[in-house]
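You will see two complexes here that share subunit A, one where it goes with subunit B and one where it goes with subunit C.
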Partner chain A sequence: MASRSLAIPAPDVAPRHATRSAKSGHDRHGDDRTWRWVTFGPALALMLALSVLPLANLLVTSFYDVTWAQGQAVWSPVGLAHYLALPGDELFRAGLRNTLIFAIGAVGGQMVIGFALALLCSRVAHGRVVYRTIFILPILIPGIVVGAIWKLMLNYDFGLINQAIGLIGLDPRDWLGANETALASVIVVDIWHWTPFCFLLFLAGIESLPQDVYEAARVDGAKAWQELVYITLPMMWPAILVTFAFRLVLAFKVFDEVYLLTSGGPGTATEVVSFTLYQRFFTEDRVGYGAAMSVAVIFIVSLLLVLALTTRRRSEASA
Partner chain B sequence: MDNNRTFLSRRDMLAGAGAGIALSTLAPGSARAASVSPFTIVINQSPWFDSFRKTVELYEKETGNKVELDVNPFAGSLEKQRNSVRAAKGQYDLLIMNSGWFAEMYFGGFVEAISDIDPGFKLDPDVYSLGETIYFDPVKKTMTKNGKLMSMPISPLIPLLYYRGDLYKEAGLKAPETFAELEANARRFNNPPRMYGIVQRGARGPHTVAYDFYPYLYGFGGSIFKDQSAGDYSVMLNDEKGRAALDYYLRLAREAGHPKTASLDQAEVIQNMVTGKAAHTMIVIAAWSQMDDPAKSAVVDKVEFAPTPHVQGVPTAPGLGHWLGGIARNVPDDRKRAAVEFLRWFQTKDAQVAAAKFGAIPINAAAYRDPISQERQFRWMKPLAESLPHAVNIYQFPEASEVIAILELGLNRAVAGEITSVDALNTMADQIETVMAKYNYNTGKLPPLR
Partner chain C sequence: MRTDTAAPRQLGSHVILIAAAIVVIVPVLWVVAAGFRTQISLLTGAFFFTPVLTSFIEVLFSKTSDFLVNYRNSLIVGLTSTALCLVVATLAAWSLHRMRWPGWVVHIFLAWALLFHMIPPIALAGAWFTMARAVGLDNTFTALILAHTVLNLPMALWLMGVFVREVPRELEEAAAIDGASTPLLLWRIVLPIIAPGLAATGVLTFVFSWNEFAVALNLTMKQTATVPVAIAKFAQDFEILYTQMAASAALSILPALILLLIGQRYIVKGLTQGAVK
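== the complex of A and B ==
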């Protein structure tokens, strides 16, 4: 197609006219470019000021040690020392490992439960608003309240959960204090807190699916599970990927639940990168090292996002 | 209008103004305090905050001066203080600094010596110097009486032994003085899950299990560093005394303590005590009022207090978890002087007796000699007065938070049973020595324990 259009002979027009036309086109092009910069420039400057500059500042700080004397900051260059120290940081290593486990476990649980709830809710004929309201309640609760609720629920001596399992003859468990259950408990709390997010996105997606496809499938004798596997899931795939990417990034940033429930313990069982970062940067006031850790975490989260988006593009292309 | 009035010459006016200034300088504290500027105190929302607020209100009532309180969570208060003191002009005048970060403020040059703001300021000799932490020598970087007066104690928090006096009376026991007595008594009352012999604060936190461990470590004669005041930061944590202390701490937890010590923070420890599930605990004295609060406690009037136990030949050695008030360097002079006036009033016996009645822990030894200390509700005053002179300042350098983080992780892993006491002590000692070397302190370490 392209080569054929290129083969069309050029119109026989006077060179003077063509030159004049090209010149005025050039002027117009220049005017357009100026106008573009005038209109786009402020937005670009704002973006630079709000996102790129702070990141650049973080990057620069990561190559320094910052201490204080006589009320003044003393900046000492350390090169790549902070980055080289990261792999040897026991808390950072444990934080990365646990964050990956947390992200996979929590996001996986939220996706499955959120999707199931959305499917159920989409098929409810009466009282749908009531169900929706109930399902989204946890996401409306502030993180600090979620921490308080679950700290009480999981308390060894007085917790509701231990009292409940005591009724069926089971011994109480130290949900937040035992290595084998602490991270799982935090994951369960996160699933409880954030499943409504997935539920809402999935419900919006399911309700916007074309009904004629389902009607045609039913005419062809499709069963409910076939509708789910061959119609709903393939058509929902882009929404599922977007939700997954959103939640994965948010799960990687988990902080409040760990801070409120376990402070990373017992040992390093629930240490996550955001909590390590908080300790190094804020509690220990190691600004340079904390900045290096921040840059590393931003890099890892960006990588995850790129991976998720690439997967989405590929799946869309193959569809 | 009086036409016969005498007009003052310029010289007379200057002389009068000078005399006025001189008189105001020589006048007693309360008279001067009446004319100072309003100023701002940045403080944390601790259990003792309400008593401090009431004490400040009393100051305002007595002097007519205005004080603004900026109240924050523990960590939030530190961040606000850092942001304020690192700015060109500070927002907060009087900084209420915790034992975990006052050294950062001294070493960083962020607080100004009270004696520099007002060379005439006299520290009441009965005010506790709390391990000399109110003094700092900016040249030698040490906290000794030879340094300048940098701050005033605000809340002299240290741990005491809380024990069930009613059970002791029934059993005919006396308050334990040594660790051996504490262990025997804890075993005697240990009857889980109805009652735990002792409940310890073994969770990992900002300053949780490490703070709980200090009275054991120092009560066994051990220490983290060899001699901080002399500038010797050699790590002694993993010596035989350290091992004895940690083994004892773990043995108490496993054989006479709460089964889930590794996950207990202060709130859970207090919960166990006020619900009658703990026979002993060692927590900061600030929790005393909760023991006798009928709305919170099932053991009203049943809890007694004693200095933290120790081994024979070593004094009680509670770790300081106190709060100090320091004046920011980067605030206007009139506000600095206003803060000094408040501290001048706050340190007096009268103010401290009033503060105690509001629920505070007095900073002035004279308040502990007042008849108030004989009242039943203030039965903690006598053991606290005995303990305060022995309080240990655990850290005298600004990078303490890195050492605390190491202790929190290592001790919590030992309590949780992840690693042995020997592994925990050796690992922590190694890591602490690395931190101290990184900041160029004179440090070293012992051969590893076997």
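== the complex of A and C ==
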């Protein structure tokens, strides 16, 4: 079920001198130690080389200005200047603000719609697998293609959305180009993309709830809405909270759809933090400043993660 | 859950579910259909059209299009990084959960993997690029394959952790007492039991590598670009070739579609066990 699988699995740390030391003959312990490192070594090396080392690289770079002169990188130390400049960076502030709005709007929508559909799907007697197959489709489509699909769907001149609202007599709108609708459109696209994922988790969760509680309720003459409010929701609550917390943090990753749909525009209406990073680091080639921003974003994500983990612990304690 | 047999309520549920299914499917079908249109037919918004293959032929075989190369690149990167990720993650998961590591090693490593999974990849792409250039691996498949492997490693670690812990401890102990060495134990006892889990993890790892854009955008050049990078290029051209963009979008979801039809069981298993994208 969702709540369990989101957990960092508790290790099965075997007690010292457990069963396996019963093995006689050659030195089982020495053998174990070798194989321990052979099996864990590759993952450790990969993580150290590609996550710890780059992070150290970013940290160091963030205290420098890197410029290019005659094909040579020139490093000039700037101290904390990059970090001090961050709060005043309009783009960065817009990025953080929009990411927050985006995360709450998109994840909130996905959770509500996903739960409702999962509940309905768990009740139908036939066709459950067909619905599930269809609903999985968006999860497997590349983010950039989701962007391409909706760039066409929302096109002012020929997009299906404007054609559809034209049928009921409404004027076409420039969904992605207008300040008021751009961020909302991106949120709706993300809801389309990831609601199926929430649906799938909730369906698995609902299907694994103990049946005897429902049977007892039915014997007592409970109505469907009473089952929902007094049984399903309370039992699913930990899973819902945890999924919400983690999806919120993951929403900070949003990049592909924004890149293709709006590139942060119009103005800074859909500027999200990943896109700001991309612009500062790659487009403007401000390596030092971009590194400082990366470090700041990673710090914010860690804080949010700690919050999410606390939520999980609390919801597990109350469950 | 209760399977409600009252006919009107069943009907109501189906109506809403079918409506949701239409919302999911129509945009995809509409774009696939747009790939079969001419630019003019799409721009005028006519509902009926005679399907033509021009855009697909243009995307696949024209001299100016690299789409087949991009497709091959995505396959190379996806398959290699998936294989690498599966091997590394399975060994590590088994090691962490079944060998006698001190508790703090396991906790710190898995917590770090979780944090790493949450960081926007674009925040690390810059450092990866600098490092790749420093060792002469810039614009190579190796750099992107390694990046995708490590990006998918946390998910693979959790998933394989779940599956590895389903292997009965008694079985491993019995094999050890019979004198089976560690490789033999892994190969003959553990592997057959976790095979379905490996399939689930592999399918997801491949799909996520195939879909990955932010890192591929910054670690590749023209010759090494993957499919998402190629599709993004369409949107940036001064004059967007909408029908070609639609055709390449349609072609790009083919692998996922095939996997969905033949391996749905594994996809559901992977997604619900992992609970992380």
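Criterion: the second predicted complex is superposed on the first by the 268 of 319 C-alpha atoms of A that agree within 3 Å, B and C clash if a C-alpha of one lies under 4 Å from a C-alpha of the other, contacts with A are read in each partner's own complex, and residues count from 1 in each chain.
By definition in this document, a contact is a pair of C-beta atoms (placed from the backbone, for glycine too) under 8 Å apart; a residue touches a chain by one contact, two chains touch by 3 or more.
Treat the numbers as computed from the prediction; the structure is a model and nothing was measured.
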Original post:
First (subunit B), second (subunit C), both or neither: which does A:71 touch?
Top reply: first
**OP:** Check whether A:158 is in contact with subunit B, with subunit C, with both or with neither, and answer first, second, both or neither.
**Re:** both
**OP:** Examine A:177 and indicate which partner it touches, taking first as subunit B and second as subunit C; both and neither are also allowed.
**Re:** first
Original post:
Who does A:216 touch here: subunit B (first), subunit C (second), both, or neither?
Top reply: neither
Original post:
Where does A:285 make contact in the superposed view: on subunit B (first), on subunit C (second), on both, or on neither?
Top reply: first
Original post:
After lining up the shared chain so the two structures overlap, which partner does A:294 touch, if you call subunit B first and subunit C second: first, second, both or neither?
Top reply: second
Subject >> Contacts of A:307 with subunit B and subunit C, given as first, second, both or neither >> reply: neither
**OP:** Scan A:84 for contacts with subunit B and subunit C and give back first, second, both or neither.
**Re:** neither
**OP:** Identify the partner contact of A:104: answer first if only subunit B is touched, second if only subunit C is, both if each is, neither if none is.
**Re:** neither
Original post:
Which one hits more subunit A residues, subunit B or subunit C?
Top reply: C
**OP:** Could you give the residue numbers on subunit A that contact subunit B in one complex and subunit C in the other?
**Re:** 155, 157-158, 282
Original post:
Which residues of subunit C touch subunit A in the complex?
Top reply: 1-5, 9-10, 13-14, 16-17, 20-21, 23-28, 30-31, 34, 42-45, 87-89, 91-92, 94-103, 106-107, 109-116, 118-128, 130-131, 146-147, 149-150, 153, 157-158, 161-162, 165, 169, 173, 176-177, 179, 181-183, 207, 210-214, 218, 227-228, 231-232, 234-235, 242, 245-246, 249, 252-253, 256-257, 259-260, 264, 267-268, 271-277
Subject >> Residue ranges of subunit B touching subunit A (in the complex, touch as defined) >> reply: 75, 79, 82, 85-86, 104, 107-110, 193, 203-206, 208, 259-260, 262-265, 268, 271-272, 275, 277, 329-330, 399, 401-402, 405, 409, 412-413, 415-416, 418
Subject >> Residues of subunit A defined as touching subunit C within the complex >> reply: 2, 5-6, 8-9, 11-14, 16, 18-20, 22-23, 25, 31-32, 35-36, 38-40, 42-44, 46-47, 50-51, 53-55, 57-58, 61, 113, 117, 120-125, 127, 131-145, 147-153, 155, 157-158, 160, 163, 192, 194, 196-197, 200-201, 204, 206-207, 209, 211, 214, 218, 224, 227, 232, 243, 246, 249-250, 252-253, 255-256, 259-260, 273-274, 277-278, 281-282, 287, 290-291, 294, 297-298, 301-302, 304-305
**OP:** Could you please specify the touching residues of subunit A with respect to subunit B in the complex?
**Re:** 68-73, 90-91, 155-158, 172, 174, 176-179, 262-268, 279, 282-286
